[in-house]
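Below, subunit A partners subunit B and then partners subunit C, in two separate complexes.
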Partner chain A sequence: MLANRKLILAHFWLAFAVFGVALTLGAWQMFIRSPIGTWLSNPELYYRSLTAHGTVMGYVFPTLVAMGFGYAISESALKQRLVGVRWAWAGFWLIVAGSIMAIIPIALGRASVLYTFYPPLIGNVFYYLGVVLVVVGSWIWVALMSINLRLWRKAHPGAPVPLAMFANVAGSYLWAWTAVGAALELLLQIIPVAAGLKTTIDAGLARVFFSWTLHAIVYFWLMPTYIAYYTIVPRAIGGRVYSDTMARISFTLFLVVAMPIGMHHTFADPQVGAGFKFIHSAFTALVALPTLLTVFTICASVEIAARLRGGRGMFGWIRALPWDNPMMLALAFSFVMLGFGGAGGLINMSYQLDASIHNTQWITGHFHLIFGGAIVIMYFAIAYDLWPHLTGRELLDLRLIRIQLWLWFVGMMVTTFPWHWVGILGMPRRMAYFDFGDPAIAPQALSVTLSAIGGFILLASGILFLVILARGMRAPQADAGPYCFAVAVHEPATVPVALNTHALWVALMIGLTVTNYGYPILTLALNEGTSVPAVYVGAQ
Partner chain B sequence: MSARDLFTFRNRHFRAAVGVTAAILIVTVIGGFIVLPFAQPWVQFANAWDAICSAAGLPQRTAIVAAPEQTGRLSEVVLTSSTLSRSSQEAIGRGATLAQRCAICHGPTGISRADSPNLAGQYSAVIYKELHDFRSGARTNAVMSPFAVNLTDQEIADLSNYYAYLPRLPAYHPTPQLPKPNIVIYGAPMRGIAPCGSCHGSLDNKIGSPWLEGQSEAYMKAQLQAFASGERRNDISQQMRNIARAMTPQEIEQAAAYYASQPADVVKAVD
Partner chain C sequence: MSAEEAHRDSAEVAARVERRWATFAVIIIVGMALLAAFAGIHSATMPQPRVETTDPSRLHLSGEFVESNLGSVLETNGNVTVRAIGQQYSFTPACILVPADTPITLRATSADVVHGILIQGTNVNTMLVPGYISEQLMHFAKTGDYLMPCQEFCSFGHEGMWGKVKVIDKTEFADRAKSGGRLSCVGQ
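And now, the complex of A and B:
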């Protein structure tokens, strides 16, 4: 059992509880703006719910999962006591306080600005302060991960850092740096206006700051998933990691190229020069590289497991895989969704192709498929894998787990495929209401209805997930043994210093941020007369 | 094994990482700032520097296209949720005295008999903005402008507070209440029209937007038409002009008739 199980369980339970609430809101939103729901006659309620859904799913839920998983990795991969447990609890309580502080104005309808803030919309100042607290809480985790690794290095000079911890710390550094963009937006632009110190806001500059955060945050969400691909899946299915070096290269590449690419979210923004949009577009293409490396390495690792189990032939080994193992199932589903989501993403990042789907439902379909699908299904897998080590009890009902994973996969497909489709047809996103009686959009009613049904399948799966975890807390006690990670085919005896430390990659990440963001931010900040009056949400 | 051994060009990993990153950056910069700008046959650049500045998004005024002539004044009023939020009894009293001269059109109790807006109980921010706009010329009206042009800031604030203080009374010519038309509660999403009710009451109220219940039908119709034609232009960021332009004549009539038929005392229910 893990020594810090209380800390990790607190993170996971809070993460999954708020996830359950936000998932319910999401399903309700799908329903209410579909032809099967009766229109509320009040768009404000829809945006209120949308803000809560996005804030929880974007900031609170994945951050808590990454933090809880990070503490588990630090303890079990480094095989040393976690230093700074009190600080870790402080970080946790900051997130609790921040979440409560943010959710009250949202519930009162005073902060219906959506989780991406959308200046010049301005909501209640406590909403933004709550988000800041959540981020500050997570920065404590970043510091703790770094400190624990440093202590380990001191005790093991020159030894290769265990892959799980190397990746975990890479993820924490990525988050630390990418959150700076939104922090700058909040502290310099939004909070002064929300607090009543200013009445105008430079919406263009604020959006550029947010784009700094908005894309790399996805890779921060992705990190626990990729860590699970490399360090949990091969062990769980009885295989080995095909290449430890390839894994390290993938994680370092994420550090470098996940960051300077966010402006592909601002392709339609006039305040950003076309040259910078092109650079960001090109770097976004590069971010496919670590994902392709990962898909290759993991497929090879899985093949090792299959051949060890007696699999033969060019493709015949696929049948020999342990398909009744939830981890195998989750990985396969995750890869399928990553494949479709990634293919859609290639369209979003192309300057010209994006024009046809920019700000349409395609985008919402895309990020739900990638984040809600490929990433979150591995969060489930991580929870299932860790649960016996956290509770000291066995998760017995593998059948129920398989059903839950199947439901999530099918639900996500049914939700997001029609969602992409109506996006191609031109249906805009962020709309509270569609009049499907209008002949222009009547043919889309079927797709939207399907999507809403998918939403309910996802809700059913989410509830089942919580039930399985709750039942796992009452199962008979069983010692799961020490928590361990997958072993590579060739365990590294020595690792080049570049791949055993993060400094070079963090330096490149910051360097590329300066080259790709420095000029646009400076010109916008120094330009006079670019501010517009704030639009106060819920103001009378 | 320290940072010193890593951050040096003697380390081949450092060389490779920095070299490849820099090479990609240079190639994309050349592509984005020189090759692609010149690849657009419909844009003419004087030289490479001109192309680079354009791709960087440097704000510049091109010599070929002159800035559009500014015709007429735009509204300069900035409203916040705290504009005139604290009114004193003295301000209301001063406003009541000043309002004597408004009564001929807007009625002694703030209820008009002459198709002018009913002001009794209107939001103070709304009256404040319109008087400022009439004074600055952002909004013009043959009757109203001369009244507004000599008002001081203090007088405008006092009048706004006074009318906001008055109780909302039934309209002078009440008509039977009409059901809500689609344009009021749903808008027309496909034409980019938000529901009238999302700003003007019925669903929600946004700062600076007047409540419309019981206002004169003829007046509201005339204002929508004036927004549509661009004759009235004191709306912030063209909000109303964009909406009115996209509305059909039938929708304009429906919206005006609906709001005119509503009793003014329902306004409070959604405040």
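And now, the complex of A and C:
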């Protein structure tokens, strides 16, 4: 069993509990704006729910999963005592406090600004302060991951850092730097206005700051999933990692190219010029590279498992895979969703194609497929894999786990495919209501209904997930042995310094952010007369 | 061949296969970027290139977005310019009148919070950020009616913020434009 099981379980249970609440809100939103729901006479309730859903799913849930998983990795991959457990608990309680502080104004309808803030809309100051506390709590984790790796390095000079920890620390650095964009927006722009110290705000500058966070945060959400691809899946299905080096290259590439690309979210914005829009578009294309490398390496790793199990032929080995193993199933579903979601993403980042789907339901479909689908299904798999090591009990009902994964996959397909479709037809995002009586909107009623049904399938799957974990807390005791990670076919005896440390990549990450964001931010900040009056939400 | 040599050989094979795949992946990505650059330069399809600013608290007092200047105007070169503003929770004009088969420039801004203009069934799609002017080129091949929802959350009334675009015949538009002033289809 893991030494810090209490700490990790606290993170996971809080993550999955708030996930359950936000999932329920999401399903309700799908229902209430579909033709099967009745007109919600107060649309303001919808936007409270939407703000809560986004804030939890974007800031609280994935952060807690990454943190809990990170502590587990630090302890088991480095095989050393986790240093700073008290600080880790402090980080956890900061997140609890921040979440409560943020959710109260949301529930009261005083912060219905959505998790993307949208100044000059301004909500209650405690909402923003709560989000800041959540981020500060997670920064403690970033520091702890770095410190623990440093201590290990001292004890093992020159030795290759275990892949899981190398990737985990890369993810934590990515998050630390990613969060700076939104932190600047909150601290320099929004909070002074929300606190009543200022009454005007530059909305264009705020959108550029937020784009700094908005894209790379997705790669922070993705990190635990990719760590699971490389270091858990091959072990769980009886294979080997095809290439340790390629894995390290992928993670360092994420660190560098996930950051300076966020302005593809502002293609349709008037405050950014064409030059930087193009640069960011080209860099976004680059971020496909680590994913393409990963898909190749993981497919090869899975093939090794199949051939070790007696698989033959060019494609015949696929049948030899352990399909009844939940990890195999989760990986396959995750890859299918990553494929569709990634293809959609290439359209979104395209300099030209973006205009046809910008801010339509296509985008909602896209990020639910990538994050809710490809990423979150691996969070489930991580939880299932770690659970016996956290509880000292066995997860017995594999059949139920398979049903849960199937439901999530089917639910995500049924939800997001019609969403993409109505997006192409031009259906806008974030609408509490559609007038399906309008002949121009009526044809979209069927698709929206399908999406709502998908939402309920997802809710059923989410509830099942929580039930499986809760039952796992009371299952018969069994010793799961030490928690270990996948081994590479060719385990590295030595690793080049560049792929064994993060310094070079962190320097590149910061340098590229400065070159790709410095000039636009500076010109916007120096541009006089673009600050506009704040519009307070919920102030009657 | 010893086991150690076999191990080394297979490691080399693995590295070679990986390099090939990585090269292939890089070619795809560079190809995509070049395609976007070519289309952007050759067909002039690109997002809004220039940054223009305006003061949203003085829109109604002076400048190009005063109320009397909103709507469609036929320029001397035969092109049409449409000026519009978005505010919580409507567009002005709420119904935009334009001719078919004519190059049109849409110039728009917001009077309060962030809004967006999207014309369904077309690629017209731009943000309206207060303090900045959005400009987009449009072209409608056929006459007809289009819905024009706000595509960005602008607070509680967002779901009710829908405008319309009416595309009429080129000659009919020219006729109506003769009397001067700014055209729209509000109330028609």
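Operating definition for what follows: the second predicted complex is superposed on the first by the 540 of 540 C-alpha atoms of A that agree within 3 Å, B and C clash if a C-alpha of one lies under 4 Å from a C-alpha of the other, contacts with A are read in each partner's own complex, and residues count from 1 in each chain.
Note that a residue touches a chain if its C-beta (ideal position, glycine included) is under 8 Å from a C-beta of that chain, and two chains touch if they have at least 3 such contacts.
Because the structure is a prediction, the values reported are computed rather than measured.
Superposition note: with subunit A as the common reference, subunit B and subunit C are in steric clash. Legend: residue contacts after superposition of the two complexes on their common chain; A:Pro482 is shown touching neither subunit B nor subunit C. Residue contacts after overlaying the shared chain place A:Phe267 against subunit C, while subunit B stays out of touching range.
By the touch criterion stated above, A:Leu425 is placed in contact with subunit C alone, subunit B being left untouched. With both structures placed on the common chain, the touch criterion links A:Ser356 to subunit C but leaves subunit B unconnected. When the shared chain is aligned, subunit B comes close enough to touch A:Gly158, but subunit C does not. Residue contacts after overlaying the shared chain place A:Tyr519 against subunit B, while subunit C stays out of touching range. More residues of subunit A are touched by C (comparison of subunit B with subunit C).
Of the two partner chains, neither subunit B nor subunit C is touched by A:Gly316. Applying the stated contact rule after C-alpha superposition, one finds that A:Ile441 touches each of subunit B and subunit C. Subunit C is struck by only one stretch of subunit B after the chain A overlay, and of the options 26-34, 116-124, 188-196 or 260-268 that stretch is 188-196. According to the touch criterion, the shared surface of subunit A, contacted by subunit B in one complex and subunit C in the other, consists of residues 43-44, 271-274, 277-278, 282, 286, 431, 433-434, 438, 440-441, 527, 532-533. Listing the residues of subunit C that touch subunit A in their complex gives 7, 10-11, 14-15, 17-18, 21-22, 25-26, 28-29, 32-33, 36-37, 39-40, 45-53, 55-57, 88, 109, 112-114, 116, 118-135, 145, 147, 149-160. Only residues 1, 3, 5-7, 11, 13-14, 17-18, 21, 24-25, 28-29, 31-33, 36-37, 52, 54-59, 78-82, 123, 182, 185-186, 188-190, 195, 198, 203-207, 236-237, 271 of subunit B touch subunit A when the two sit together in their complex.
Considering their complex, residues 39, 41-44, 157-158, 196, 199-200, 256, 271-279, 282-283, 286, 431, 433-435, 438, 440-441, 496-501, 503-505, 507-508, 511-512, 515, 519-520, 523, 527, 532-534, 536, 539-540 of subunit A touch subunit B. Contact residues on subunit A toward subunit C in their complex (touch as defined above): 33, 43-44, 46-47, 112, 114, 116, 118, 120-121, 202-204, 207, 242-243, 245-246, 266-274, 277-278, 281-282, 285-286, 288-289, 292-293, 296-297, 300, 346, 350-352, 354-356, 358-360, 425-434, 438, 440-441, 489-490, 527, 529-533, 535, 537.
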